[in-house]
Amino acid sequence: MTLLGAFARRFAVFLGTALVASVVIFVIVQALPGDVAQATLGLGATPDAVEALRQKWGLDRPLLVRYGEWLLGMLHGDFGASYLTGQSVSGQIAPRLAITGWLVALSIPLSTLVAVPLGLVAAMMRRRGLGAIVNGASHIGLAIPVFFAGAVLVIVFSVILGWLPANSYASLMTKGFSDWARHMVLPVASLVIVQSCLLVRYVRAGFIDVLTEDYYRTARSVGWTKWAGLVRHGLRNMATSLVTVLGMQTASLLVGAILVERVFVLPGLGSLLIDSVLNRDLMTVQGVGMLLVFAVLAINFVVDLLYFAIDPRLRRQVRA
Amino acid sequence: MKRFTVLFGLVLAGIVALSALVSLVWTPYNPNLVSSSRYSPPSWTHILGTDRLGMDTFSRIMTGAQTTLVVGILAVAIAALIGVPLGIIAGMGRKVAGELIGRASDVLFALPTLLLAVLLAAAKGASVTTATVAIGIATIPVFQRMARAATLTIMSQDYVLAAEVSGTPRSMIALRHVLPNIAPLLGVQAAASFSMAILAEAGLSYLGLSASPTTPTWGRMLRDANLFAAPLQAIIPGAAIALAVLGFNLLGDGVRDYLDPRLQEVR
Amino acid sequence: MSVYTIDHVSRRFGSRRRSTQALNDVTLSVKEHERWGIVGESGSGKTTLLKILAGLDSPSEGKVLFMGKCLDIRDRATLGDLRSSVQMVFQDPRSSLDPRMRVGDIISEPLRSPLVKGKVPADADARVAEVLDAVGLPADSQRLFAHEFSGGQRQRIALARALAPNPSILLADEPVSALDVSVRAHVLNLIDDLVDSMGLTLIMVTHDLAVVRHTCDHVGVLYQGTLVEAGPTAEVLNNPREEYTRTLLASTRLGHA
Amino acid sequence: MSVLDVKDLSVDFGHHRNLVLDKVSLAVDDGQRLGLVGASGSGKTVLASAIMGLLPDNAHISGEILFRGTNLASLGDREFSKIRGRKLSMVFQEPMTALDPTMKVGLQAAELISLHRDSNPMATRDRVEQVFDRVGLSDAGKVTNAYPHELSGGQRQRVIIAMALMNRPALVICDEPTTALDATVQTQVLDVLDSELAASGAACLFISHDLNLVARMCNEVAVIHAGRIVERGTTEDVLNSPRHPYTRGLLATARIDQVEPGERLPVIEDFYTPDDRDNAGRHTELPRRWVSQYGPRQWRRSR
């Protein structure tokens, strides 16, 4: 199998998983409630009213047809229309995409940048003060829910110090960079704090593994000092496990972004999702849910490709 | 040092369990009793103060421990009871079965806990039950993968071959050799997943996707707190969540270090 | 009579497009009470061959006759016959003894099998004590766990387990290569003695010609999955016909002797 | 003059301070090859790690390790790193894991040069290919561009030997350099090691559990047992007239080929007289762990 073939195979798996996920989402939202129209109108509604609504939304047609329509629509970027307001779901999603996107896109690299050096120190100095402090701090940080971290940041920097805004969003396009940045600092910081504490634990464990490896001993025997050898020969080997964690964490990072949007009242995808659940706007829930799952799968697909860049053994397995 | 952290974890977890148990029979006030003293600071009458409706925060924190523990235990039980057998089958059984389970697990893994909870809440209405089920189901792949990996390690050991040469049936190998040998790892995973479940439930409560407003939960208390008027009322439930999670994490780490002699650092 | 008749056996691993040939057209016959040593380096397919004989794997091509009957591991009856008379000892006793079982339970495992039938002793506890004594371990060992023993002792436990159901054939996969040189002699003496006193047929896989020369009366030489030479030990070692056998001999001290 | 002079070296580990080396003294002369023979757990690998300064953090060390007059035991990591790989190098037992899996072997070997002196890339590459060529890596240019997993065990061990010889060190420590290899490959690798050591004039501490190998490689041999050097002499003397019962036992058990087929193989206990036992019937010279190997009763052969 060629390298290209391996990519193609992974891409096929990615699309297949997305397809199955879309079925799961559709079934939970459309088939589980029993009757969507009844659920929307509440138990007190008259049968006639329910029936009228069913006709209006096309719910009287078979599930399979409705699923097919939904799927085909999504392929064209059309997520259907809200049952409640009649608004196009895609139209609601578009303006909110940027906010959630920024949160995730900023916090992944930033938390990695914070975690790698701290993890290195924690691994190398684990019998000494600094390592123990980093280790202990990451333990505590791991236990803090992201919305609590956000709340504390608001209390300190907005309520007490009054330096930064506690809520609302300023678009990069319309309000300019500095205003945008002032509004993004605290949300991104709360995500990075929690995320990097988790990464530190994995980076530390990865480096400690390297310390016990034969090739690290070889590196030391040819004249690398403890620290330099670990950076030179450990970093790339540790990166494999780091990438795995990053892939596994994309889902929880998206969840974190949704929670952070709630704390800072940012009008992102998460806010849209939660609002539509509370209003039982099923079509919107379904659409946003699918988009999030697709994002998780896409990031995991990219992570899969990253392995090939890092680990030459994989490249050969594929070629052989 | 190590012993101290485990002890600390034990104390924290113990406090959570104790307040949950005690709150079943006694709390200083009825946790849902509305009073006129709103946002009162901590005092002898209200140890941790009161919230925006004048309800006693200490009583609500105590009662909140119930939901935290029950959701955590049930969610982990759901995940382990479904995930572990699937993982063992995937690790021991035919290739097709393993592949199928693996793919199904991948799909579930792409559905974040919160999204699953959101979908269930959209379909069935938000409640503790949907939250628990969602957390449980979302955790299945974690147990499945862990059990599968551990099973594969055990299956590569010669004692499994020896058992087969001894004429032991596959099902018996699973019960006699695989399960006992992966049990410690599963225990550690359960402890870690328990902390994760607590965090997830708190998140769902914070979004209003878990217990009804009349049931005090830590996440909802944080959601209802006004950061500008009474920041303390946000910090208290937040700290409760963090300390509970920290406690169970430390406990889990302690168990792992005890069980895995490799980590008793030779170096 | 022939215990095993290995008839043009090949074994391939992997998918059709990239397969590795572990065994290539191996033909060999093992008679009762013979002691065979199968010699080869890593990757020669010697362990694969042993696994096929133990019913842990099946050939891709060719067949194995066991006691005159075609060996099919999917057929419960023939597998039962095999399990009742063939036992195996593995290379590394650290890996072949379940760390969470007591020695008594480890040794009695074959006695509790639904497949093993016939000569199995009724009183399992008495049998465990008996085989422990036969391998030179005290009877109270059965309450302990495997990790409480040294490498040599663990290999004795593995031997005790193999002997428990009264097998007639003993398969051994590098039984001493994980052990220290000084312990090796103890275990080899023990195997030698047990095979003698219990009238076993022995098939031992090893990379060490010196061990084969000492313990086995027949030797087969495997090279990259092909059986290049087989016959009585003295004959093969004194007059090797194949180039590879000569290389192997030269790389051990036996070549100079 | 001795290149290495170990004086009263003791090493123990951890809180329990398990003694692994007990006042070991050992000297290697310039250009000399000394074999160090012992069973697993005898402390031979710990001795090698101690000399290289690669002991884990929880090891306690006492005594002196004089390398060309410098006490290595008292050097800091930075100063020691300047000696390692340049004047003092090591060949490890496990070629499969001793190289960084994510880096081409040529680059790993070139690091040895660039770490220790200024050298332009062209000269470095030439030197790497030259040494690779010398250790019998045919098509050295191709090998330098390979990742470790693309090479066979024998090739990897040649790479490691090339790395150990890269900077023309004064002493090479070989810790079971061929144990993990197949017999036929083992012979070739030993030949390369033999000729390259001779050509470079480096001294060598050759560690093995296999007396046969040591006899082939070394003119002098020391026997280590339970953390102590029990015997030292020329290879010929030790092999032909061993003085210590442990050495005698080791020699006998190592030579299966000298026992007639079917005869009982000698075991180490055979070489200990009753005088060597203490009151409880144990061999005084054997550590307790070692004695318990055989249980309370001796195995007797019935034949």
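Chains: A, B, C and D, in written order; residue numbering restarts at 1 for each.
The rule is short, and it goes like this: a residue touches a chain if its C-beta (ideal position, glycine included) is under 8 Å from a C-beta of that chain, and two chains touch if they have at least 3 such contacts.
On a predicted model such as this, the values are computed, not experimentally measured, just so you know.
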item	value
Chain at maximum distance from chain C, centres defined as averaged CA atoms	A
B-C or C-D - the one linked by more C-beta pairs in contact	C-D
Centre distance in Å when chain A and chain C are each reduced to the mean of their C-alpha atoms	53
Rounded Å distance, chain C centre to chain D centre (Cα mean)	32
Centre-to-centre distance between chain C and chain B (centres being mean Cα positions), rounded to whole Å	48
Chain A-chain B separation of Cα centroids, rounded to whole Å	20
Overlap residues in chain B, where contacts from two or more other chains coincide	267
Partner chain C, residues of chain B touching it in the complex	157-159, 161-169, 176-177, 180-181
Footprint of chain A on chain B - complex, ascending	1, 103, 106-107, 109-115, 118-124, 126, 195, 199, 202-203, 206-209, 219, 222, 225, 227-228, 231, 234-235, 238-239, 241-246, 249-250, 267
Touching residues on chain A, where the partner in the complex is chain D	127, 213-215, 217-226, 232-233, 236-237, 310-313, 316
Contacting residues of chain D [partner chain C, same complex]	39-40, 182-184, 186-187, 209-210, 212, 249-250, 253-259, 261-262, 264-268, 289, 292-297, 299, 301-303
Contact footprint of chain B on chain C as seen in their complex	51, 54-56, 80, 83-84, 86-88, 90-92, 95-101, 109-110, 112-116, 158, 161, 165
